[in-house]
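These notes concern the structure reproduced below.
When the chains are written out, they are named A, B, C and D in that same order, and each has its own residue count from 1.
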Amino acid sequence: MSMPAPAPAPMLSVDDLSVVIDTPEGPARVLDRASLAVGAGEIVGLVGESGCGKSTLVKAILGVLPPNARMPEGRMLFEGRDLLALDEAALAREVRGRRIGFIPQDPALALNPMFTVGTQLLEIWRWHAPENAPDRSRAAGRARLIDLFRRVQIPDPEQALARYPHQFSGGQRQRVLIAAALLCGPRLIVADEPTTALDVTTQQQILSLLAELARDFALSVLFVTHDFGVVSQLCSHVTVMYAGQTVETGTKRAVLAAPRHPYSAALVACHPDRMADLAGIPGSVPSPLAPPSGCRFHPRCPEARPGCAARPTRLVALAGDPPHALNCIMADAPGPAGALP
Amino acid sequence: MLALILRRLALMIPVLLGLLVLVFVLTRIVPADPAAVLAGEQASPEQVAAIRATLGLDRPLHVQFVRYLVQVASGDFGTSLYTHRPVVQDLAERMPATIELALASMLLAILVGIPLGAVAAVRRNGWLDQIIRVFTIGGLAVASFWMAIMLQLVFSMQLDILPLRGRVDAGVPAPPFLTGLYVIDYLLAGNLALARHALWHLVLPSVTLALPATATIARFTRSSVIETLQKDFVAWERAVGYPRRVMLWKYVLRNSLSATVTQVGLLFGLFLSGSIVVEAVFGWPGLGDYLFSAITTADYQPVMATTLAIGVIYAVVNIMVDLVQARIDPRVAEQR
Amino acid sequence: MRRRDLLRYSATAGALGALAPIGMPGFAVRDAQAQGAGAAALRWGGNLSRTLDPHTVYDVPSAFTRVNLYDCLYEYAGNPPEPKPLLATETRSSADGKTHDFTIRAGVKFHDGSELTAEDVVYSFRRMLALPQGVGPAFRPFMKAEGVTATGRHSVRMELQFPYAPFFACLPMVAIMNKRLMEANTVNNDWAAAWVAGNDAGSGPYKVVPGSFRPLDSLDMEAVDGYWRGWPHSRPIRQVLCRPVRDDATRLLAVEKGDIDSTHSYIRPDQHERVRRAPGLRLVEEPQLRTYLLRVHNGRDPMNNLDFRKALSYAFPYELFIQRVLRGTAVRSPGPLPVSLWGHPRDLQGYKHDLDAARRHLDAARRAGANVTREITFTALVGFDETEQAAQLLQSELRKIGVTMRIAKAVWANAVQMTQREETSPDIWSHWGSTYYIDPDNWVGQFYSKAALGTQRGSSWYRDDETDGMLAAARATLDRAERQRLYEAASRRLVDQAVDVWIYNGMAYRAVRERVKGYRPGAVGDGLDLRELWLEG
Amino acid sequence: MAEAPVLAVRNLRKHFVQRKGFPNPVTVTVRAVDDISFAIRPGEAFGLVGESGCGKSTAARALLRLIEPDAGSVTYRGEDVLAARGGALKLLRRKLQIVFQDPYSSLNPRRTIAQTLVEPMQVHGLARGADALARARALLDEVGLPAAALDRYPHEFSGGQRQRIGIARALAVEPELIIADEPVSALDVSIQAQVLMLLKDLQARRHLAFLFVSHDLGVVRWFCQRVAVMYLGRIVEEGPVEDVLHEPLHPYARVLRDASPVPDPALRAALPRIEGEIPSAANPPAGCHFHPRCPRALPACRESFPATTEPAPGRRVACHLYPAEDRASVR
């Protein structure tokens, strides 16, 4: 897959990445040649149902896959660096917490209940204070943290440092975690379903905050979610995954308004909010231990054809503007009009 | 925090009362006659009866019990029939020895057991984990009197590097009584050599006593660390780039300790009961030996008072455990 | 023995194997200073009593402190031991045997420097008689507190309520205490019992180092300068550190290692060989008057049948028990008295292990209507393996002749309680006839008089007017020859009636380090005279 | 309004009282459900929406007496549910069935699906033996599961399938009203859609009434005919779904509507601004609980909780913006 000439090098690009987890029942291919790109300043929604590989992809990017996982193929570039070439220590030292900030799913569980918020967050500063920071001392970290707390609207930021996670509400905890992600000046924020555990009004507040911060700090955001509604509110681009494969990627407008992949289309149609007739998808997500061959969606696909099971998975760029790429037999036909990462 | 202590102390009273009833009933169920034993073999039945009356043993059980409660409530734990000394005095001499032994064992069990369990958890199913598993199973399976004799044979008789028995060698003066713990009292008295001397005497008995507890703590810590490692916050800590070492030994371990600390409180009971055998073998002048001889001669007052004292020690240790737990886990502190 | 040694050597070898490669250089843990502190002292590992009060307890360990901290009017001397005057310089007894005048030695000093006088003797006897336990019960049947009076600064009169022949044999039981000191420490009319339990008020060769006594656990004693009897050796032992060891295994290790100079005197037969072989140790044999016997409940069917009791007596395998269990460390004692004591008939044959005879007597008992099919119970004592081994031997022999016997266990206090009532008293149990005073009355008189019923001494529930009469007469006459005749006759009669099963006279064994010289066992209990000892090297 | 309601709830109340602390305990009252009233008509799906802690689940459980309510009345076809005893209660329990959010914890893991389905039929004397088994098979077919499922255990099924089993179990006793407590919120969207369609299908076929408890406005909009919005233990607005969600009267209902994301890229560009967080139910603000966050709060809102008014036919709202006498302000 070649890069289209004019496009700037993305902040993060994942190409044809596979992840195999060795389980007692055999190897599970939880990611199957998945691809993803996050450009500078983009907020990319990574969408799919549970079991589609979103979390595995996030873990792979952060380098925190479990020890029994291996990556037999693929490529991951972040700011031009090959992440797969870095060992665990280098990842912990140079990437995680420093260049990539992380916002977890459940703010109630993501902080260690036995330590104050200040202790936990300054631990990140201690190991990852940016090299170009004028002052890398603990006091400087504290000052920056208080600034950030103010920025994410945590009341009494100074006292907040001395409080324990359970002394915050769910929304505040998520704000704390956002501050943690921003602390050392990262370029990319990976947010793994950060609002799923929150109430809608709180979710709305967090989404607003994220959008604002991304704009103000010129951040790239990889936003994992299962909710197209959230995508439509926050993201500029969308990548849809199914059973470990990337099925469709493009701008929000392109994918949401006119989904081309049968899975994307079906998923959008599952949202009761659309006022349109609700349509479920028959069957369920296959087990990664015994996935269908070829396009993994074909057993559930209303438009499946004989060739689907044999077809190698491959993301193909569609012609036209805005950019839009598809991993489907239907997209194979137009030929190599323009492959997209 | 003060409220917590007060509440736990208040809860202690009914527990200790229950303990007293239990021990009272148990000691009296056994058909033993302290009067006859006390009177000696030369006594006549009339003389025995006279002693029985003097001791109030001819009264109905409930009257005896109420009398005893009144006596205890006024701070009098009675007098031993044999030593003629207030039981409190005997306890004051013997309890510190048991406490010193139990504390040393606990310290040992914690200092060895927790790292052992943590390492086993981190290197789960690795060779180190297997070795630690064998050790922990062994630690629980080995009878402590056998262990004691083996340690004596090897370290005292063959290698001659540790004392065989006792708190100090014969002829070494006891330290001035401050805490009753020899090692500490010698230190406070400024005698470093004797503090070391007392410490070496402490080694074999506390190792013997600590072994099964170390195994238990290691097992608990192992499973608790493994459980903690599955927690979301560990994933977060990893994802935001905590160095592995810091994450494990500072953050994960502290969370895992919460469960282990509770266990330590329960284990202290094991130390107290285990000390009976260990004290006998190592000639450690603690409560075990005292209680044993009091039971065999039906010397009720020391039996009751010792049991009560052990109950109090156990309860106090568990209150301390709660405080430590509240220190470790801020949520616990707030619930109180 | 085999198993213990095997354990010891295999474990040692294993541990050494594991440690040898590591080596232990510079691991000098023992503190030279601390170790040196007790080297010149005798480190006595014999058992300690729970109290230093010589009046309230009278058992084997208490003899050690009584003899060495106190002096008595009389002491035992000679072999076999006889009561000889000690503080008493002269004794005059009235013809009726009821009044005894003692002259007390002048110039004897208590440890506080005050002189021992008649007042102290009177105080001591009155105290002894007032206290309900220990020595008192032995005196109270024939003596009242008013009967002890001072007739001068150094003379005391004792009036007995009736003539009592064992009186002089009882005198070494009564330690003479410092009246002034005792009264100064009396609280609530307790005869200073609380104080003297941990201190001494004596005039003996040794005194207590204040505060050093801990019941059962430790005691330090110091030699008394200018003790009135003097010191036999030029370099007597100045300091005695009593450090009993509770645990069997540890005790032997401690004496082997030299942590203690002596064990208690109950070294088990299976450990003798080990002690004999250990360098620097010797095994001291201490002849004992102590008897071991099975008490049989003569008041209950079927043991109330003479033939059944004889069947029991013939069924017990005496030789097997003495040779196998005790490894030959005891002599067969066919009757109620120690074989070496006067009053024991020299020609008494007693019973031998003979199952045919046992069967014959069992048949006779059955014919006489005794309920020989009833399961009888042997109550063994917890913590005394020997009683259980005796029970097992008897059980297997009885099974051969068709008598079923069950073995129950009880702790000492429990067994004593059972013997107080005829209904609860065990069918069979066993105990030792210990030495309180050296007189036949201590054994046969105490065990088979009707006065003993309701105590463990009378647990045979034996009621025989003729025997009772003989024992009472022997107690009342001062004629030694007559007494001997009466005790021999009573012994024969008891044996004829197979009242109990008498088994052996024991031997006590103590491991003593070679450096301890001059060691001579005491006559009663652990009552050795420390004055005679010295340390070599 | 023509038909008499199948279920009428009036002034239902449930407060939880906790005593905390030593030696001076403090009593904390959580007003989980505070005087709520609504009615459900036969065959109607009635939605109860609100955010976590608003009391919607407690209300659902209290009217079934899974938690005994403190006050109020619940009538099922004119019969007093809260006073029912013995046989009457048993019959009521049959007519009112509940479907839980997490079907796994409400299914006994050691019982086969057949046992799970047959037992309630036996308890209520509807069928037994082969008859009951045949009915169980038919029920499974109705909820879209194969008959082979009968001999299997709950753990062998996916979340969606388990929820179908939970629904089949509720249907086994032929209820008239189903209380569905967040029945699809634990499911993935594709599965959620399947289950919602099943429920809709059943509602039409069996003429079932639903009390549908959910936090998801989209789901409620799709499934329900009428809806009540709860905030901190109280119903703030009630009416036909289309009206309430299209043109909410109560400011909170509007905030809730605006906050609910809709997957339509053209619909909204800017994210709405929302003030503050939900306060603790143990210590709700005085007056109208919503006033500290309300963009249109009046002085009166601080003082008193507004009475419920009916500013338009079939629409009820508890807000000082809609005084009882002034109906004109609606439009």
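Operating definition for what follows: a residue touches a chain if its C-beta (ideal position, glycine included) is under 8 Å from a C-beta of that chain, and two chains touch if they have at least 3 such contacts.
Keep in mind it's a predicted model, so treat the numbers as computed, not measured.
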{"item": "Contact distance in steps, from chain A to chain C", "value": "2"}
{"item": "Two chains joined by the most C-beta pairs in contact, as defined above", "value": "B-C"}
{"item": "Centre-most chain, if every chain is reduced to its averaged C-alpha atoms", "value": "B"}
{"item": "Chain centre separation (chain A, chain B; CA means) in Å", "value": "54"}
{"item": "Averaged-CA centre spacing for the pair chain D and chain A, given as whole angstrom", "value": "34"}
{"item": "Length of the line joining the C-alpha centres of chain B and chain C, rounded to whole Å", "value": "36"}
{"item": "Intercentroid distance (Cα basis), chain D paired with chain C, Å", "value": "88"}
{"item": "Shared-contact residues (touching 2 or more other chains) in chain A", "value": "none"}
{"item": "Where chain D touches two or more other chains, by residue", "value": "none"}
{"item": "Multi-partner residues of chain B (each touching 2 or more other chains)", "value": "none"}
{"item": "Chain A contact footprint on chain B (complex, rising order)", "value": "231-233, 235-244, 246, 251, 254-255, 258, 328-331, 334"}
{"item": "Chain C-touching residues of chain B, taken from the complex the two chains share", "value": "30-34, 36-45, 47-48, 50-51, 54, 79-80, 82-86, 90, 93, 149-150, 152-154, 156-166, 168-172, 193-194, 196-197, 200, 280-283, 285, 289-290, 293, 295-298"}
{"item": "In the complex with chain B, residue positions of chain C that touch it", "value": "7-8, 11-12, 15-16, 19, 24, 27-31, 33-35, 37-39, 41, 43, 50-51, 53, 56-59, 132-135, 137-138, 140-141, 190, 193-194, 197-198, 214-218, 220, 239, 241, 243-247, 249-250, 253-254, 256-257, 259-260, 383, 411-414, 416-418, 420, 424, 434, 436, 446, 451-457"}
{"item": "Touching residues (chain side chain A, partner chain B) in the complex", "value": "62, 64, 88, 91-93, 95-98, 101-102, 104-106, 109-115, 120, 123-124, 127-128, 164, 166, 177, 180-181, 190"}
{"item": "For the chain D and chain A complex, residues of the former touching the latter", "value": "51-52, 158, 160, 188-194, 196-197, 215-219, 221-223, 255-256, 258-268, 271-274, 277-278"}
